[in-house]
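Chain naming follows the written order as A, B, C and D, and within any one chain the residues start at number 1.
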């Protein structure tokens, strides 16, 4: 296995390149993914290398996803890019009513091996519609897999696995982590869809996070450590399927937990995590699980986003709130 | 105040008629809402009575909602009908990116007093795309109010209040209750958006439900009563804003709770209810709150829907599971 | 690039080759299909009409939950299937049972959705017929994708994509035509303009001179055809398929027809149209028109009617058979392999059914 | 209803009244606007160009987060604002700062979004300018709704709805034009075809003879105009507005222009187009063309330049002033009155800020 130090954007690019090289049926398309290489350069060089297997489309997200459905029905493995989170909403009907349901509709006859890449979430000073954390919409929809990497290594592995998957995957790329650099294991990948990972061991409480919130959780754990509290950090990686086993074992081991996520909290993935972990670990819990999430407001303008996003202090406040006997 | 015995469909029709009579700016439009009176006859007679204030549109849901946004910007109070739950998805971008955000975008300068009526949920033997419980998508989106009546009386009151509201309301009409008949108080209505109501008193456990699940919860309580267990039933009526006060007081009074909802459970309104009630009532709970929801599957075909929908037995099983000391 | 724009426009009146009276109509650009093709079409029309009638009867008997009839539109559906080669694809709407059956799908399988047993009753790959799409116009981008995939692999596949007049108002109609044109995908878009979208008449659906005038806005050549004239349909759709197969890109055809019955059995058409209006279309019936023209010997007609009866009987038998609902099906096809969560949920039902069984 | 369909088609070439060399061009259907109108347009063009330059400079200085320049397209934007009456509405895109300012909105307010202070900086009712829409084409149905509401009340309002070439591919473009046509809503749809949607050239956006050919598919009369010729724009848009106001329903205008700079400062245009291609358009600059034609005395030009400088200075000053971020704003406008939940969440931030303050 080869290792290389890559940014997350580069790791994703590499995953696309390696998948296209290995499998002729992989095609990449969307807005500006051709000569421009995508607004985040994730598809850089693909149209030069693969010709019409990576192509620019008209500006119409429902059309992009709908055409991908048809190509997937007919032997291809499309990987489409939605330029930004909120610009996937025009494709919502196609995603919910077809991408998620075609296999079930046809009793397994028609599979849709397709990947919908969505640069998502905030923290980059983007204006309205460029910062939505839209995972709940997809996670609530049966029939989709929903993943969100937090490291370049996971980005590579998860994207390769998503493209190879017989099921459609909504692939959420935390924009603010595109430029984060790390060692990436290239080549054959071991399965990580459906598998959460413990990013940091800890004994006092468990922080549960995914995508852009993992670095926040890790930093909070670092600070807590200095203050004498040992926080465990679980990175879900995969929202659907959800890894109950790893998450519940982690929470049982500490008896306290905080969920950290950028999305508005109401009826969200965070709600689900609190609900299902509480259902399963009730008697191991010393305190109710707390959520640190974006507020129930539209994503704020750049100058105010720092107030909205779950930050280290807010996470630590929530940890402090977990009814410690000594406090 | 006048009272009349009406079906829910008639009560909704009456609410539209009374609102249009009272306020010139109320307009009703959508697919087949004119001469046909809507596929559920909720707009029956309105085009005859109000002329062009109730009109059929081209078949395009994004256009319908988008045009309503413009009319609401310009002094009207549009009430639009999406013909069925899944047929509102083409309008998702308009709903999420504009309906929900216009007021905030303009710092309160542009309000959107509009109501999006959606016949929703299952239980009527409808084919695919006609039975979705889509409330989570809207409830997760800040800026929308989301309500779902369970009685003709509430249907009338909530719809009149929604139309009069300065905020956009997603108005979910449980299809299977359209023909349920009950006494309706007509005329001036007292506020019920944001207010849950105790439908049945009880002391042993609390059932929390809304829309189509309320009758199921009531029936379960009835059966339980015969078996010697006293179940309280809370009808949310309003999902957003959520009535924490009433719900938490109810749960605290019994110490046990089951949430009943048709929608798939994952990352749903049910998850939110479990999460927030647990956060707030943790030490009053004798057992983790249980959810009885639709499974995490696409809505099944008519012949199988009875297996999917939360029924009385499944609710009672969940109640039995609430770690009763005597069992 | 605008010099030859006008060739993309349709003719001012729909192409017709056999008039309502059954007499041939001269057309400068189209000739009558071969007699064998017309005979095949007549047989299919007779079966189609019988199928529509049978399905309606089955609704009344409670064997079908709902049926959107294509009575009056059978010519469009018969022709759209007949012009395709085996390797081609058909993308139907919910009203296109006749076209689906025309591709070789068993009528019982074709009506599985409307019976309530499952969402799609046939294997889409067996006859290359997509599951019929309920959300309007959403099947059109799929059709483009199937065509584009085939073209990338150098296969000669053509895709026939059906859509109603109402469906043309949806954004997906627009996006699909545009993608097809830009990708030069071999798709024939056939609009069955039956003058209504449930209760909404064409005049409230569009202010265009006719729906075929939408083609030029995408750079797609467009034609109008009498949708009750199967000869004209075979000719116009046949050449459209040929052009698409030859690499000339997508084609748009608008067929002018009429929905003779209510939208579905659940609809009350008297609320929005008059009996007179419907009556006027009886004179233009696609079936009588072709049979008048062909004027076949009684024996031939009997054989065709017998075949139609056989198909109807098969449908009746098939739909009268009850399929045992199988709870496991709920969880088996959500993903390639059920998630842990789905396995838990399946166990819950299994346990319930076990206890139910024990209680019985 | 198809007899007079062809009047809905645009002319084969765009209308032009002043050529790239600054000389008048004869046109059978359009005459030159009055000299006063052209002078007003020139002044606006000069200010517009200055505004574009100033905004770009402010990006480099970090005072604006991002700026989508309309350098080269100023004529479209100036004309679209100038042809409107006070009671009319403008629906801009993110690239239409110049048009927004043309309606009377303070440039500082016009750039609030791009500065990052708030999503929309102006009161949409003050000058009847909608917040500029970021999700492409979504503003077009809003424009139709505003127009239809006005029409229902018998008001003479016309709505000018702007959109890019890329935006025409979205479903909402289609649905908006169709609704407008069916409702006969007084909307003028102006497509600024600047040949690119970020990196995607027109040829990958559409295979139509030109975007104006989309009109006929809705029954909307359509025109093509040279988008760098403000005289032609004033004439064509002026008559379109007049026809819409007279009750003739929606109008479609495609202006052929070019985006001289990158999509925004964040874009790298060298990846997808050549310097030569851009260079060729310098010759067609809307500003030099009109000033050559008008050939005003030096004093007049100085006055116009001074005014442009004044506006630029005002913009600079305004954007150099920092607005104190106010946490309460996050919760104040989500609903007419904050929910109990939002009050709780606001309290959380207030508490954090209090503790922060105490800690400092």
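Note that a residue touches a chain if its C-beta (ideal position, glycine included) is under 8 Å from a C-beta of that chain, and two chains touch if they have at least 3 such contacts.
Quick caveat: nothing in here was measured; it's all calculated off a predicted structure.
K.L.:
So which has more C-beta pairs touching, A-C or B-C?
P.N.:
Between the two chain pairs, A-C has more contacting C-beta pairs.
K.L.:
Which one of the chains is farthest from subunit A, going by Cα centres?
P.N.:
C
K.L.:
From the C-alpha centre of subunit B to that of subunit C, how far is it in Å?
P.N.:
36
K.L.:
Distance between subunit A and subunit C based on Cα centroids, please, to the nearest Å.
P.N.:
40
K.L.:
Can you work out the whole-Å distance between the CA centroids of subunit A and subunit B?
P.N.:
30
K.L.:
Between subunit C and subunit D, what's the gap in Å when you average each chain's C-alpha atoms?
P.N.:
About 43 Å, centre to centre.
K.L.:
Give the residues of subunit A touching no fewer than two other chains, as numbers and ranges.
P.N.:
Subunit A, residues with two or more chain partners: 57-58, 60, 62-63, 86, 89-90, 93, 97, 101, 104-105, 128-129, 142-143, 240, 242, 266, 295-298.
K.L.:
Going by the contact rule already set, what residues in subunit C reach two or more other chains?
P.N.:
In subunit C, 118-119, 135, 169-172, 174-175, 178, 182, 204-206, 329, 334, 339, 341 touch at least two other chains.
K.L.:
Show me the residue ranges of subunit A that touch subunit B in the complex, using the header's touch definition.
P.N.:
62, 86, 89-90, 92-93, 96-97, 100-101, 104-105, 128-129, 136-137, 139-143, 240, 242, 263-264, 266-272, 274-276, 278-280, 282, 285, 287-291, 295-298
K.L.:
Under the stated contact criterion, what part of subunit D meets subunit B in this complex?
P.N.:
Counting only subunit D, the residues touching subunit B are 89, 118-120, 123-125, 130-131, 135, 138, 140-150, 152-153, 171-172, 174-176, 178-179, 182, 329, 332-336, 339-341.
K.L.:
Using the touch definition from the top, list the residues of subunit D that touch subunit C in their complex.
P.N.:
Answer in residue numbers: 1-3, 5, 8-9, 12-13, 169-175, 178, 181-182, 184, 204-210, 213-220, 249.
K.L.:
Please output the residues of subunit B touching subunit C within their complex, sorted ascending.
P.N.:
31-32, 34-37, 39, 56-63, 86-87, 89-90, 125, 127-130, 266, 295-298, 300-304, 307-308, 313-314, 317
K.L.:
Can you tell me which positions in subunit B touch subunit D when the two form their complex?
P.N.:
Touch residues, subunit B against subunit D: 27, 52-53, 57-58, 60, 62-63, 65-76, 78, 90, 93-94, 97-98, 101-111, 142-143, 145, 165-167, 194, 240-242, 244-245.
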